[in-house]
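Per-chain residue numbering starts at 1, and chain names A, B, C and D are given in the order in which the chains are listed.
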Amino acid sequence: MGWSNTSRRQFLQTTGAAAATFTVAGCLGLGGGGGGDSTIQYLSDRGDSKDVIDDIISEFEDESDYEVEVTYTSKGTSTDAQLQKMKAAGNPPDVVFDTSADAYRYQRDGDAAPVNDTIEGSGLPDPVNVDGDSYFVPTMVEPLMGWYRNDLYDENPTTWETWQSEAQRISENEGLEGYVVQSGQTNNADTSMTQYLWQNDVNIYAGPSDDIEVTIDQGDNEQRAIETYQWVDQMSEYAPNGSGWEWGDAIGALQQENAAAIMSVGGLPVLTIQEARPDLVENLSPTAFPLPDGRSQDKWWAYMEGHVVWDGGDSTDGAKEFVKFFSESERFMDFVLSAPLFQFPPTEEGLNSDAVKDNEVIQQHQDAMDLVRDNWDAFTTVLATGDDGAPNIVAADAYGQQVFGQSTDQMVVGDLSPEETVSWVADELRALQE
Amino acid sequence: MASPIRLDSIRKEYSAAGNTHVAVDDLTLEIPAGSFTTIVGPSGCGKTTTLRMIAGLETPTAGTIHFGDRDVTDAPPQDRNAAMVFQSIALYPHMSVRENIGYGLKVQGVDEAERDRRIEEAAETLQITAQLDKMPSELSGGQQQRVALGSAFVQDPDVLLLDEPMSDLDAKLKAELRVEVQRLHKELDATVVYVTHDQTEAMTMSDHVLLLEEGELAQFAPPGDLFDHPVSEYVARFIGTPSTNMLPATVEATGDGYVLTDGQFSVPVPGDLFADRVGDDVTLGVRPQYLDRGGGSHGVRVRVDVVEQLGTEYVVHGETTDGSKIDVVVADDAGLATGEDFDAYFEPDDLFVFDDGGDTICHGDALSQSQPA
Amino acid sequence: MSAVTSVRHRVADMDERRFLLLATFVPVAGFFAVVWLAPILYALGMSLFDNPTGAASFVGVANYADILTSVGFPKYLWNSVVYAVSSTVLSLLVGLGLALVVNQQVRGGNALRTLMIFPYLLPTLVVIFMWKFILDPNLGVLNQYLVQWGVLESPIAFFSTLQWAMPAVVVASVWKFGSFAFFILLARLQAIDPNLYERARVEGASTWQSFRDITLPHLRGAILIILLVRGIWMFNKFDIIFLSTRGGPLEATTTLPIRVYQLAFSEVNFGGATALAGIMFFLLALVAVVYFRAFEPEKEVAN
Amino acid sequence: MFEFGEGAAGSYVSQATQQRVKRTAVVLTALLVAVFVTIPVYVMIAIAVQSPSSAFAGGSVQLFVDSLSFENFRVLLTETSTPRYFFNSIVVTASSTFLSTVIAVAAGYGLTRFDFTGKTLMARAVLFAYMFSPIVLAIPLYVIFYTLGLLNSYFALTLALTAISAPFTIWLMWQYFQTVPIALEESAWVRGASRTRTIWDVVLPVARPGYISAAIFSFAVSWNDFTMARVVMSQDEMYTITVGASLFLDRVSIGWGETMAASLLIAIPPFCIALFLQNYLLQGFNVGGLE
């Protein structure tokens, strides 16, 4: 495609040049937008931890020849939008803070640079390892977690059956809904639905990284998937309309006592509710996702977020240095714990560190912390769903477009039957492979 | 210094959507220095365009304009030492009356004390001293017009141009301002050009009248000349109220000379003018004021349509036997009623004779010489 | 007489005229070239490539063909039309109603006027915060009171129910943009000669008749322009929908601009996104041309 | 018996009744609209000035403020860069408003006072500029500003914002200048003022209501903007308030209380404008109207 590349570049140059001629500012000269060779452009959606990030950066700048320029984006797609623009201008970032799934996508497109130096011997997980090279430096883990009202539910219902009967009892007797079923193109809906399927041992995919197969409608999986959708459908009877609900909407339902239980991520619900309804916090208890009778909790969705070094930026080497510095920084734990109970360290060692133990918020919610410790080994990223945890690009793309969240919407709002929903979702997943 | 204004073969075209419209065509005349010249004519005849070319707001398509010896054809309005009063009055709404009047002086760099002196002098002349510190929107129409005049007057221009300045005023104010303008003319050393569609203004105020017909010069003469010696049927019809009556007639040769006749009257005419027009259709123009019920040398029968009282006189609107409209001004309506017939008489002395192209063949004074002794 | 001067010019004045002509147009033209023309051409150029921001390969009009034949296109187009038409017409009606009221010089009319302009000046972000909060099924005061008063049994998630999402977005849009029509129409109303109404009353016209025969014809030009300009704006409106529903539920509020965004940033198909933007541009241009032919709103604009 | 039919209102209902019906309709509409417009604003204020724990106490939203608290504002001002974002917003809004107005006055004057080939084309191009979906322009604009080395500058954001507002402000001024009689200028020329001087002394003062309306409109556009700021600014200290707020409001620790407090702060400049300048706005639309 050499020809097309040339013509595109010419096109870019012509437009750029035309623009330059037209504006007075043209005299300011070309280039210079994103800084020169010694500037590392860092794209992050962690505005929450801005203070800590700034500290780490200034330490890094003191010790090296590089300068780091951060662009904060809001959570969701705005990182993608920013990336698109920077790529189009031929001014890609050098480091991107993103999920392991995104890192794998970048690697596939040839945009990621290996970070073996940082991973090797660090004890960090290595979720994006392609042909022996590591492309992702994990900095934190964010497991899903449910919260329920311990004053309404007598005890943790645990199983599908108990959840259903208890949710029904609460909906009928307590003046609020027993549960929340999120649906639609939101992260909350997508992760929840995926986790429900996992709870019933549905193997959505099979095969190695280079030959992922969609198996959700194959063999026993189909029946188990249908059962799962049936259960979700029944639970939606005891839930408000949760179409389009993101994390905050579900938390709102819990906070305003419109629902007695929600599935969310980590301690996010208590952190939020703490502020508006401090009186309610003691009535909230953490829980794993509901589990069908006889199944065990062996796959627990946990986001893994960290750094990707971009290949082809101006300061790739500096970027590698920076991510290594970041992970080894003294302030690293402060970074992770800037949202305690929501973000956890990427290693078990970190989890058991004093910094975590001494954290005030975590101390107040030991039950949630116990849940994390007990299930640490079950934590899985959506990416690691190929055979033996191999990176699964289809799953990453499916999460990118929230296919499972949409499937719930198709059923709960769009009135597809559970059977139809399963074949709908299978079709959508296969379409992603094309 | 008042300067004469000379227009040489001035032509002005506008083109819009591929069509060329000629607003002024081949206009040549010289307006004497210090005179008061009125440009009249019906709407769309090019009066305002001519004025705007003199002001420099429009540029002639062809021809030249001179102020005295100076060719100003291509000079911008700023450089002509002209002043203009606009039909829309055009007072600046954001300036007080004082600032409005003084704006031209300010632009010319006249210092403030001198400016104030001249503004106050002008205000006094125009009796608007009390209004000097008001805003234009607080003034009545007549006062606004005075301010506009003052603004032009204060600049001591060589040429003062007025574009229908009184068209929006009521009759009483018009009469007052007319006097004012004439007084200003006397005080100012300026050549005044005044555009109006009102011929009464033209006839009463000016030394010279320029009558335009579809962009072309119809006649340029002192008002009396225009009234008594129109050069065409168009001029005769336009000047004078009510309009000049037009009676169709034919040139006939009789045994002892030539006559103009329509069957009712037969006006003898001199052979030197009419000998070679025998058989031609001509038009006799006679002003309604010169028709007389009492008697005269020639008469036409008039059937009364409407009688209008006009102050001390009456205007009888009627028809001749061949159906042409005819107006007669009489001192006493003497009970004339609609449908009644009477005879109206005229003297050849008062006639204008036009050929079938509308050009004047002769005026009455030429006819009277041929009266048989 | 014409304000515009003629073909031949005086030399001295010419220079200043030319200077002013250049001063008034060159910056504007240059500015437009940089911030509208160049980006638009650039975007249209991108629409002819596959993966234009990466390893671009020229594909001609394939992106256009893909978009036009995609399953969702008719639905997104329909959503766009529904949204643009209903929000434009409703803001026109609200604006008209209120302009008529304020024009009656009721007590408090000035306060109303101040109130009306306020939403228009508020950022969409803030407007959406307000409406999301009010219409929220959990925190929302509307649901809270409707349930409390027994109108509703359980709260409605307005922004996430198939049948309510579009109306909710439209309401928020009308709230923000109603005053655009209001101000233009009020200005026109105040310019109508009151004698016309007096005359109509003398001739025995009812209130309704004089509204129909005097008020409406005078507002015609303004209404035509509001419909056109506001309609174009609403058809291309992105933020208000994206911030409130992100196009959901089940694509019930996925209009073409939302689809452009999804294509560009969640499906990373920039060729498709720019092609869709191109299609929207041609559609609007077509509608505008037909509109200009049919109603000649420019006559109301340029003499 | 009564007869109702075509023209019944005109023929059979007395003028007095008609007037009464009209009056009632007028008052009802006024009330309805007032309520419709006010309620969201009131809710915003009510949530902003209560501490979250009292606003949401007991699981329902408290709209009747019984204990004022500025806790939300304290959080915004001390724990976020709100003051800096505000400063940025004010800088770019002011400069874009100025630029857009200047461009509009220049173009409006030119369009009404000069005749030249391509004028109609240009006027139409202005309208057609709005037909291209601005979302995809983010990338081209980014590329252009990057190429020119203008990212993260007030200048670039000013240009971008002006691009959004200018087509409409130009149109507004074009309208407005059509109502300003050219005789005012001609009278100045005849009295010796150059064209340029005439513009300063006569044209600009007379066009004031027009350009104030245009300025208010471009203020609304710039203050409202989110997309363009997102394109041009990528450093935290250069974000405008809308972008900055959207970033800190999705933090874990920020709730509706702070959100509404931020909204309230953002609403203050628009409110002042609505209060103090609306008369000009009406005049601008009035004379500038759609004559």
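One rule holds in what follows: a contact is a pair of C-beta atoms (placed from the backbone, for glycine too) under 8 Å apart; a residue touches a chain by one contact, two chains touch by 3 or more.
The structure displayed is predicted, hence computed values, not measured ones.
Taking each chain's centre as the mean of its C-alpha atoms, the one that lies farthest from the centre of chain C is B. The interface holding more C-beta pairs in contact, when A-D is weighed against B-D, is A-D.
Centroids of chain A and chain D (each the mean of its C-alpha atoms) stand 38 Å apart.
One finds 56 Å separating the Cα centroids of chain B and chain C. Work out the mean CA point of chain A and of chain B, and you get 90 Å between them. Residue positions of chain D touching 2 or more other chains, listed in rising order: 56, 60-61, 139-140, 143-144, 159, 194, 246, 256. The residues of chain C that reach two or more other chains are 5, 13, 16, 31, 34, 38, 42, 53, 139, 264, 270, listed in rising order.
Within chain A, residues 15, 19, 23, 81, 84, 88, 255-256 each touch two or more of the remaining chains. Interface residues of chain D facing chain B in the complex, by the touch rule stated above, are 181, 183-184, 186-194, 197, 201-202, 205-206, 208. Residue ranges of chain A in contact with chain D, taken from their complex: 12, 15-16, 19-20, 23, 25-26, 28-34, 47-48, 50, 69-75, 78, 81-82, 84-86, 88-91, 255-257, 268, 271-272, 275-280, 339, 342. Only residues 52-53, 55-57, 59-61, 138-140, 142-152, 155, 159, 230-231, 234-236, 246-248, 250-253, 255-257 of chain D touch chain A when the two sit together in their complex. For chain C in complex with chain A, the residues that touch the partner chain are 30-31, 33-34, 38, 41-42, 45, 49, 52-58, 136-139, 154-157, 159-162, 165, 245-250, 264-268, 270. Looking at the complex, you find that chain C touches chain D at residues 3-5, 13, 16-17, 19-21, 23-25, 27-29, 31-32, 34-36, 38-40, 42-43, 46, 53, 94, 97-98, 100-102, 104, 106, 108-109, 112-127, 129-131, 133-134, 139-141, 144, 175, 183-184, 186-188, 190-191, 201, 204-209, 221-222, 225, 229, 232-233, 236, 238-239, 256-257, 260-261, 264, 270, 273-274, 276-277, 280-281, 284-285, 288, 300-303.
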